[in-house]
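Chain nomenclature is as follows: A, B, C, D, E, F, G and H, assigned in order of appearance, with residue numbering initiated at 1 for each chain independently.
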């Protein structure tokens, strides 16, 4: 095969091998999914297209598609681990694809998830209305583009680890996500760490590792 | 003389000629100040040093020094114009030099000024305690470094023009103010415009032009 | 609905909720427009396509399309507020889409508007011919790409607030608007502030807030 | 006073107010430390100089100085919270100041700490010798400059959250830490998040929040 | 003809003239290939498309196409020079196109080649399994995107020259290969040099010059 | 000697060998100057310090020092070549050191020079007052920092070649001259070319080559 | 009309108004061309497409198309001015479109032109074979992408002004022409100035102004 | 001890442990040198100061200082390995410190070295005069700042591997070595690879590994 599946990864890192579909052909994605399905492995494919789902559902009966998140998931059985839930907070409606990638990934990693969307700082009262559900989480993912201010604001209001995901939403001097990235790296709130631009997947991986801690 | 004073500037632009002391010698600053004093012009010098003030006070009796703002001011007579006041809001104590440069400039331009300092988003309740005085202003200057989120948050809470001043406060990936600059340029609040990094002076100039409108 | 309209925004910030169509589908834009129309809200959609207008005009009779500005507008009734007018000055013919986005937005926000186009510094006499109408405005928006010099030149000639909009017009070392952005941020004229690259909308929002001041 | 201590911060965010000494005078640092001492607050000052410690120890008997970390600490009483320990891993000897800032901060936040230094990828066998102590931690901080590869390597070997701290160690095309920062943000290991360049303090804050989870 | 073939290049630099197809038309590529074929020159075309191969095979019977590497090759006769072989190591499956460009180029330059793919640092045990074949090479090419850590890790494990090829694989803050490029330039292993992003061709050229040394 | 003087340069390029003093010791500069003096060569040293002049005047009687330009010059005999003169236009008083470096270099290269300083676009009427002397020149050098608009404005008013010299004057988002550099490279006036930031020397070299054309 | 032709430009700047077609529709270009033709003006349109030429030739009989240069030209009568010729030197075959834009523009501006293509530093002997024709020119344009070294090499061999045009030819760390741009700005040869990336048009404008000097 | 010497490095990578003195105290450097001396290890310290040498020579009799290279070396016995020699070519006199760091390192690694300095492209005939000694080398290091063109020119003239070292020599738009770095990475000559800015040490390490190949 063209790809060497790192089958030991789950045991070693607590995170399974996953299909990153960007730059792969429809055929390749379907083939890897089929192989994983036949080996009894659970399947998460990110950055998929509609065509990829059409091909995968032929070989993986019961595969689920989230067209906003651009993910395909299939789990042989469902269970929830972690003591609490992961809160996923997003600033605007345009940030929802990244937030949903995080949500799908977290659920795939057996996490309970609560989503709080469209609460950006342009109308900060919306955030305060949802503060309870955010504060009660064990770990919080904040997705925001443009000036990315939401990560700092949330970080200053909670006593839980905050993982910022800068999104590429915006134009001009957002430089494809650089503005939100720098914002979050320079957060004046001390408990905030950051992952790559648009990387909902990575944020959910770390959130799951945190929430799995006993 | 080495510098051609643009004496017509006040009439043309509503803003007088001012001494930008960075890159000038102590002697040059004192000499220009003296010339302006003798011509009956009001004096504002920005980015001054202690030594510059020592030299200027010899030739301009009554000159005032703000060591935090790094400004020297002298006005032949005091008056206040503008219908209301300019609010100057700053995120952290380290942003105060820039905020004070703005305050001194605005006062020099005959503006009433209210300052609201140390209300950054790491503890956003502090901002809400001061919201009344901010909302009542006719124009608002917001100074913030690091992730510069305060400009967006204020912009989303008021119905007055907001002028953001990104400060160079921070280190590492703040890239000397770039993070706050990009943040403010990408503000999700629509009524925010921006001036150069650390440019308290320029923000106050625009604020004065706005507040002078009848 | 997929989007939570911030219906309180007008009261809080003086600026209504608006449809930013980039990254939305034709169907989504039409749906939001319809909902706003039915709720008696005025409608401004920016960054629209021809197809979006075709869909919107089905559900919002009387909707207006400006194909240069890429805006759709609909107002239940017309009125003009503000004591004077907003002048919108553009350097070249290629800057007109951004300038028109500003003009449509300002008019939507009940402002009187005067436009002065194609007066860039390559032939600066063209600017001087129009100086009167610029100087009489209460607030001035200057749109320019390439070296963005026009904002500084205008800023040095008027005693009103100038809002610079760097445009992405140009190629090579303009780096998609960076050259004009840095130019305007470093304007040697003191009363100039800046919004994001190509952000005619934001400039008009701030201009309206300024002109609404009594 | 010149600074408004955010005394509610501990309750709200789980992290106390701290003295960031960069850009403050010796006198200011000593004064704030004294005030906190008298109020019964624990003291952590980061980015201090020798002179600052000399001044602080006059007013805070028992204050501790870590000259490598550039920190002053004082705790009214010692306790350790968190179920396990924080591992702090550093690539080279030049990364030790940043690693020690993290270690001092974590201890100040009542964490047990294990340090594993000088195990960079230029001699990766050194890392494997220490793998046990790293894997047993509940959360891992990795400090590395130059190409910052260590964060990815550790991230691929453990099933615990990894917080990367890019250091500014290096020269030329490291662009003051940019190389390590971009490296860590693009880590091919999925459970890695990142804080600002040289921000040992922030990494320890998040590590403490994680380790405090029950 | 539109291009002046530098026919002396082989004698002067040890590397023959080659067709860089990017930015050329199908017709141009076929025409140059034909001319070289008729002159008895060996042919290597890089960055080709399927259509280019279709056109070239009409005029160069026996031309070989590597669709992954995007290369066309034709050699009038085969021979292998160099005392040993060139090892080509790649981090992920997405790096294979660049690695294959290197492999095809090296073989075209009469080198024996061993490839070791999908051994990135996210699962570093995979690298150790293949260490023997890497260490026995006379020169090693390492292709990696994202954080590009593999070049440093390999550089710290072998006593042969390592040529790093940063790939543009990744997204967001990889800035089209910048992250891997800076990583490799700042390698903490001392025997590593670097070529342009995605430049498998250039790496193979230098590897061949090295391996041809007696 | 430590430096190989390129004595043929004058004949080959029309420009003599010159001492670039930055990064050289006082002793080295004096030694090279002495050697050139004894060989009958004319001397131009740029970027000198006061101490360098003190040392040079000991060994080169009659050497001239321009402390603003930071140049030392010595010519065995004076003559003027070129049909007309070089105009050197500068925006602000802070740009004068760069402008004077250009002036001293041009004079050293036997050019007649006219200087027009402090005519930046913040008060553009000052430029119009001096337009005659600028238009009559055979070639024009324009020095400007901050937004560097002056080069475009002059370029749009004259029918002679304009060489722009971006200066590093400014702060914050001028990024040490980048703003003026990008401005001038994107000039909307077509006859403008650009040299390196602060490179008055290079601009004068090209101006001299132009003015020497018969 | 949508564009205000600057009909005075020729008299004022020695360079006529020209159609920059990028961002204009086929119809707009044809319309402007027609208007200019009817007014007796000569026509140069740059950055045109095949479709634009098809439209223009309908309304401007005798219009010439250079598909490599992407220019349309029409002159009511031919004449050559300037005492000598402009040499246009290009590094590689991929740089020819930019070089041809320069050539067409220079000829349109009544200049004699000599072109010397495919003489880049990878085979520098090719340059030396053509040195005579380069040295005899009155002004030299050098087009080069990638490392842009050719401008410095030519600058060190001639006593005429050299105008460098960095081209965007290359990939990866050429960053769309930035590498060649920085190279040329830092040329160690003193008589080199630079225009925007890919700006053959601008280089030819300045070359014409230079060659027109008596 | 504060540093864990990687004593196995020589066997594993063919390159011994070395003292990188930047960021270390005089005392630390002397202490490490002493320890290495007593263990019978050869000593190379890079980036040293005069004071460091004064301290080292007290504890390592016979230590050699190269004040230009900023290196201290001590070898228990001399031998030369490698079949031929390493040529080190530098563009200007200001590049000599970097070139000498490379030369000292190469000699320390038992290489024969030939240096060819001050042969930059501003006077390219100087390079041709020395071409024989460059072509006869087994591997060539090219040091150049500013536009870094020398690496490409040499690469196009020889059939041996060329390692480019971009130097930080220059100012303004050289951006501390970025211009030369990008130049060399985009070299149009195919056999050129690159190390970090100013990294003479690393270039010599790779050159030694190459020349040691049998």
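In this section, a contact is a pair of C-beta atoms (placed from the backbone, for glycine too) under 8 Å apart; a residue touches a chain by one contact, two chains touch by 3 or more.
Since the structure is predicted, the reported quantities are computational estimates derived from the model, not experimental observations.
For subunit C, the chain with the farthest CA centroid is H.
Relative orientation of subunit B with respect to subunit F corresponds to a rotation of 90°, obtained by superposing CA atoms and rounded to a multiple of 5. Taking each chain's centre as the mean of its C-alpha atoms, the one that lies farthest from the centre of subunit D is G. One finds 35 Å separating the Cα centroids of subunit B and subunit D. Averaged C-alpha coordinates put the centre of subunit B at 50 Å from the centre of subunit H. Shared contact sites, meaning residues of subunit B that touch two or more other chains, fall at 12, 122-123, 155-157, 172-174, 178, 181, 185-186, 189-190, 196. Remark: the chains found to touch one another pair up as A-B, A-C, A-D, A-E, B-C, B-D, B-F, C-F, C-G, D-E, D-H, E-G, E-H, F-G, F-H, G-H.
Interface residues of subunit A facing subunit B in the complex, by the touch rule stated above, are 91-92, 120-124, 146-149, 151-153, 155-157, 170, 172-175, 178-180, 182-190.
Interface of subunit D with subunit B (complex): residues 2-4, 6, 8-9, 12, 22-23, 166, 168, 176-178, 181, 196-199. The residues of subunit H lying in touch with subunit F in their complex are 93-94, 96, 117-118, 122-123, 125-126, 169, 171-174.
Across the complex, subunit A is touched by residues 12-15, 18, 83, 138-139, 155-163, 181, 185-187, 189-196, 201-203, 205-206, 209-210, 213-214 of subunit D.
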